[in-house]
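In the two complexes below, subunit A is the common chain; its partner is subunit B in one and subunit C in the other.
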Partner chain A sequence: MTSDTPQREPFLLTLGRHALLLAFVAISLWPVLDVLAISLRPGNRLRTTEFELFPRDATLASYRALFTEQPFLRWLGNSLLVSTAVTVTGVALASISGYAFSRFKFVGRQTMMVSILTTQMFPATMLLLPLYLMIAKLGLVNTFVGLVLFYVATALPFCVWQMKGFYDTIPHSLEEAARIDGCSPWNAFTKVVLPLAAPGLVITALFSFMSAWSEYLIAAQVLQDRELFTLPLGLKSFQSSMSTQWGLYAAASLLVSIPVVILFMLLSRYLVSGLTLGSVKE
Partner chain B sequence: MPLQNSLPKLALALIALVTLGCARRDSGQQVVTLWHQMRPEDRAVLESRVEAFEAEHPGVDVRPLYKETEELRSGLESAVLVGHGPDLVYGPSDPLGVYQAIGALRDLSPYFEAAEQEAFDPVALIRLPAHKDPTKSQLVFVGDRFGNHLALIYNRKFVPKPPETTVELLEIAKQNTVDEDGDGRFERYGLAWNYTEPFFLVPFLTGHGGWLFKEPRPEGAAEVPTLDTPEIIAGLRYVASLKKAQVLPRSADYEAAAALFLAGKAAMLIDGDWSWQKYLSEPGLDAAIAVLPMVSETGKPLAPMVAPKGYSMSVAVSDARAPLVAEVVKFLTNEETQRAFLKQSILPSRLALRSDPAVVDDPTMQVSLAQVERGRLMPTATEQRAVWDAMRPHYQALMAGEMTPEAAAAAMQRDAVSKIATLTSRVEPDATAGLVKLLGGVLLAGLVYVNRRTLVDFARDWRRNRFAYILVLPALAVIFLTVIFPLAYNVLLSFSNMSLQNFRDWQIVGLHNYVSLLTGGESSRFWNVFGKTLLWTVINVSLHVAIGVLLAITLNGPVRGKSLYRILLIIPWAVPAYITALTWRGMFDDQFGAVNHLLASWGIGTINWLTQEGPAFAACIIANVWLGFPFMMMIALGGLQGIPKELYEAAAIDRVSRWNQFWHITLPMLKPVLLPAITLGAVWTFNNLNVVWLVSNGGEPSDKTHILVSYVYKAVFNLYQYGYGAALSMVIFAMLLTFSVLFLGRTKATEAVA
Partner chain C sequence: MASVRLRNLNKIYPDGFHAVKDVNVDIADGEFVVLVGPSGCGKSTTLRMIAGLEEPSSGDLLIGDRRVNDLEPGERDIAMVFQNYALYPHMTVRQNMEFGLKMRRTPKAEITARVNEAAEMLSITHLLDRRPKEMSGGQRQRVALGRAIVRYPAAFLFDEPLSNLDAKLRVQMRTEIAGLHQRLRATMVYVTHDQVEAMTLGDRLVLMRDGVVQQIAPPLEVYHKPANRFVATFIGSPAMNLFEGAIHNGAFRLKDIASSPVPVGSELADGTAVLGVRPEDLVLGAPDHQNFVTGVVQVVELLGHEALLHVKIGSQLVVVRSAALNSAEPGATVALAVREGRVHVFAGDEVGRRLN
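Coming up: the complex of A and B.
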């Protein structure tokens, strides 16, 4: 990859880059290391009065309990299923509608764009009761379909706008050339434009995945059965007013973030490789 | 790319899989749902007893599920409104008044014969006037245990004999407050407890002869708070004197107080029965439990609140199913079940078990029993919640030394009276009710009329732009089908009088909620919080974008190890925010937090972050900036890929400085990609309840750390003002809509079609 073979840069600038990045890495990791320490502490202690990354009496008991005493793997499976479904549906719908919003001037376009944003403007906690009423009335309790539907609906406004933004940066001349060569509108879109919007697809995918992966409020209304829990619900079940199982909670939190990091690792090369746009743009 | 071609097929396959694989197979079993609030330690016992029940009753499936207080109530509300919700709820008795007021509970008395009832401690069976006919009383609650009471836990290494009077308490506390290394900070404190919840204040009030409500309750009227009596002031004075004697840590919430005691840095601790096992079983800690001491002046014991916990049957249960569901209650409160819970040091509600060896021979149980006998029963009145709400901020101010006992008592009383008035007020439709209905109708008709022309345009445009319409249709359908009902419902509620008094029979009352919101007694508070919310949103979003873009640009240059940097920098986004927000709260702790340690080691001097208005708000912002910058970084990284390298090369040849390259190439080219993220980021930040709530522990200090949503949440859910809350969320909605339209209009974000 071109960007990994460093071009010459003033030494001070390179040093500056590393200093800045290292400082932010430290800030990023600091609280997370604290979470790690909680997960290793015996008992259920959220706080201590000592600074110690690895508690003297560190134990992996919480991790062991997650896999042996709690249906953690089951929750993981549920979450993976739901989040994948949301990601695929969300990316598919957002990539096609974002394209229409970017390329065509049709009646109602602006109204539609603004109105999909409006759905994000209500404080979610205020919609708890009507949401539950609707889920109960429609018979969506304990179904993943209902959950996926709600998640896609909440993730889409951002995804649609994000995709539109990315398509806006891609020159129209590319599809026009393809159309002149005899491509159908659909093929011009999927074969020419879509591959160039890869960074947008990656961001949309990560966002959709994450919005399903970490969502609690809606899931708590839809899923009323421990076997069907997604990870956030499972984590929440370690909570209790003034007697939360902090060890389990912290251990599970760290494990829950691993798939996100892996997904980011897999997808982020499309965010940085520069293999898509640079060379083809005017 | 083959992946893109198969994307639609893959999506279809997945949707099919989700549909088929996940519907719960209900094979004709009778399902009984039980929403409970048991501690994690007790849940295993519950599960095993449920299994025993199912073994005795084949074909019955009891499903216990832990729920938070709010969720439990929203389930019962749904049971009232649409007949769908949990069959049984289990929890402490204090919310029963509210449940009964909305008509959510069924009478259990037909299923518990008189002889059966006599086996229970009478206080564990709660009868309330029936919802429909207040002259009749109903058995709405069958308790299986007593508890939730505070007692004194002491470290025997420092305290050989627990104090019997408050004078002794202060004496022992003084002896144990020590500065070992002479650095001016205490290494050990005499006593600690949770300063944030007024529940922990109650024993000091009762011990001095005070009580929260006038006794007896006035006939047929609301409870009258008595929070400014001489007895209450005496109680507050005693607490303030402890604080003044410096035997208490400067600030302590629940987790901090527990951590101090566990580390041997607090000689005594006041905590509830749910926690005692944790301290007693801690290795290396020689802890013991004692009853709270007697007040030397009054000769009265510090009496904590006591509540039974137990089961209530919801109105979601039909007459046909009621006998079976009652059978579950009987089984889960029978002697065998309660005996199974004895191992958890839980005081049984059945009198026969009080003489069980497991109770008689266990010293902790004996202390627990003695403490319960000195305790005061927690009221089930709906007014209790209003009183907690009124006490909390002033209790916090008293503990922070910002209020005198007299001023705190007066403020508590004033707020309690006004909150109870809100709680019990009934709003009748006014002149604007008809107007609102009429306007609603006219508005709908007008919308259709205005859009009539658009519809014609649509039809014409459809032929020309059919491809575009087909592309946007699926996304629009999914978005609007799911939100339309909740939004419409919210709009209706905002004009209604839905509240505790009018829960089932709410009606459109007109503009009342909006008027009281913008001009009522709380309106100055509203604008204050609104200002804070703006500040919160602007600072957060600016820092998210600034840090995100800065890091993305830094990463986009020639740096070794950039893929590792990228992954490490994304971590704040990947770890669930709930735990990291609480970790941040811990890091801002006055004495043991990492932030203050760092500041001290740099010689800057420490800040008492969480108990002062400004620093507490800053702490929330810092935590939220930390949570949000990786997402912006990711988007900026993606956006940078769209900028052709040739532009920079040309600029370099023309000797354009890096700074000018950034302003004239990078930023304009990032705009289309960053705009949606900034717009929505602002909307999300404006409405971000969680971080503020967790870092400030629900608005500490003294409800000064609120943004609009957390303010709404507290005002509405604690006082059950559904209509008012709906109106507030409409106002929030209008503000955000105005912002978005203006912002998007100025930046021409919907345009950009070349």
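Coming up: the complex of A and C.
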């Protein structure tokens, strides 16, 4: 009886493990709390001698200023618009092309798969110049269309692979059953395969959204009008060569992260896959 | 309901593999035909061509009087039951069964009536609101049957529908499918590599090997008059015993081993041949009898109602089925006789065509 109860691990080991985990929790949470503290401080104090989370003279002045004195809402709208457009386009394209790569045998399939993957091996900064030139030629500099095009192009390779991998786990016999039940290939895709790929679609959507939401480098090249700025650009604009408005910067940073947190909470149940379980038996 | 006809059907896969070779089968309206053969012989490929899931490389496919080669699977008026059930996981049982009818824009009242009728027939009414993952394998396969039944198709296609079920359930579902056929009188094409399923379900069997049809005949004819050596050993368990030898003056003699001649019919030409004897047609000889050959018992398998004796004759092991459980001990020398008129004679060449 005692032989198969697991041996209790030594107390020191447990302690060490927990200490390590706590250290990592602290490392990831501390900056967030720090930003919160800065956003609540009056004026522009980045550093103080105190270590309190809520400064004694805490104020929401920075937040108020964001909405009243700064075009924060405008930037928020811009970011939402751009990210949503990137998500919709990315998911639409990735869900279709991933399916083609998963199911159809066509000339150049392997080559295309590999070349798509290859684009992921270069850092985005390297593609910045050629992509910018393309967008300039198309006359899309300083437009959302140009930015969305840029974002979709950089996010799509990962999304296509992601979706292909997801479709690969869905048994072909489901589409075959659907075809026999009277579906056209397109109907079999939309009525049977796509609903089953929902978790994959959600992951792809989240990835597309986030890659656009927090992107700075590309946006900085494409957009020039302060009116067109997305949130990361807007944030950066609080940082001038003379001084940085740390209060505004911190408050805006926190607000930027809220939609992402909400998205994650809403979609987390879709991230648990296993929807195809039980339909077929291999 | 309709007949299904396969005319010179060939399938060559894109990699050049010739999986189905010149298959000709006429399946009558209401007939239950079983495609049977070893793994990889092209059964599924043939069935999938009928379904429209694979495109024939050449040949014609007729369902009723329509040539269906160029029709989509959904336009062929067939229903298929898959080995892995292939139920739509995101739909309830009812939705699974309704799906094909909805796609065909069947009136709502009729859909409900048909689904209820089929559910009743299969005793799955209490499962209608469940999802596939909430059911056992047997229940899922029942639902898959239901999804096919509600369509009132011209023909049912089955691809090894029972091979994922455990032994007991398989027997039960086999009976159920047989009952379904009797009740619906529908044309059914059934793929299996299980010879018991083939023998018990089929009005006729189509035996295939390496993409070539070997024999098309009712089960008992396949059993009692196998068209060649392959069919002879594929159907029947334990497999038919084969003896190499030669025919001389209408009698068969073993090669290299002393044996009494077995009369096989005077119309057969002299020359090398293979004699086939099923285990139940090889009997322990009485001393005063004209025995065929003698051998030494190696192993005795007692199955309760019968015994299987593995007897060594020269370098060959043969199986004798004996109703008597205490007929011989391992190590005993026994004389074997052949039941009169129950021998199969095959040509001595590669194919081994039946001669008698």
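In this section, the second predicted complex is superposed on the first by the 223 of 282 C-alpha atoms of A that agree within 3 Å, B and C clash if a C-alpha of one lies under 4 Å from a C-alpha of the other, contacts with A are read in each partner's own complex, and residues count from 1 in each chain.
Heads up, the rule we're going with is that contacts are C-beta pairs under 8 Å (C-beta built on N, C-alpha and C of every residue); 3 or more make two chains touch, one makes a residue touch a chain.
If you're wondering where the values come from, they're calculated on a predicted model, not measured in any experiment.
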{"item": "Touching partner for A:R56 - first (subunit B), second (subunit C), both, neither", "value": "neither"}
{"item": "Which superposed partner A:F144 touches (first subunit B, second subunit C, both, neither)", "value": "first"}
{"item": "Touching partner for A:F122 - first (subunit B), second (subunit C), both, neither", "value": "first"}
{"item": "First (subunit B), second (subunit C), both or neither touched by A:E176", "value": "second"}
{"item": "First, second, both or neither for A:V192, with subunit B first and subunit C second", "value": "second"}
{"item": "Which superposed partner A:K105 touches (first subunit B, second subunit C, both, neither)", "value": "both"}
{"item": "Intersection of subunit A interface sets (partners subunit B, subunit C)", "value": "105, 195, 276-279, 281-282"}
{"item": "In the complex, subunit A residues that touch subunit C", "value": "105, 171, 173-174, 176-184, 187, 192, 195-196, 275-282"}
{"item": "Subunit A partner contacts - residues on subunit C that touch it in the complex", "value": "14, 51-53, 72-75, 78-80, 82, 84-90, 99-100, 103-104, 131-135, 137, 140, 147, 151, 164"}
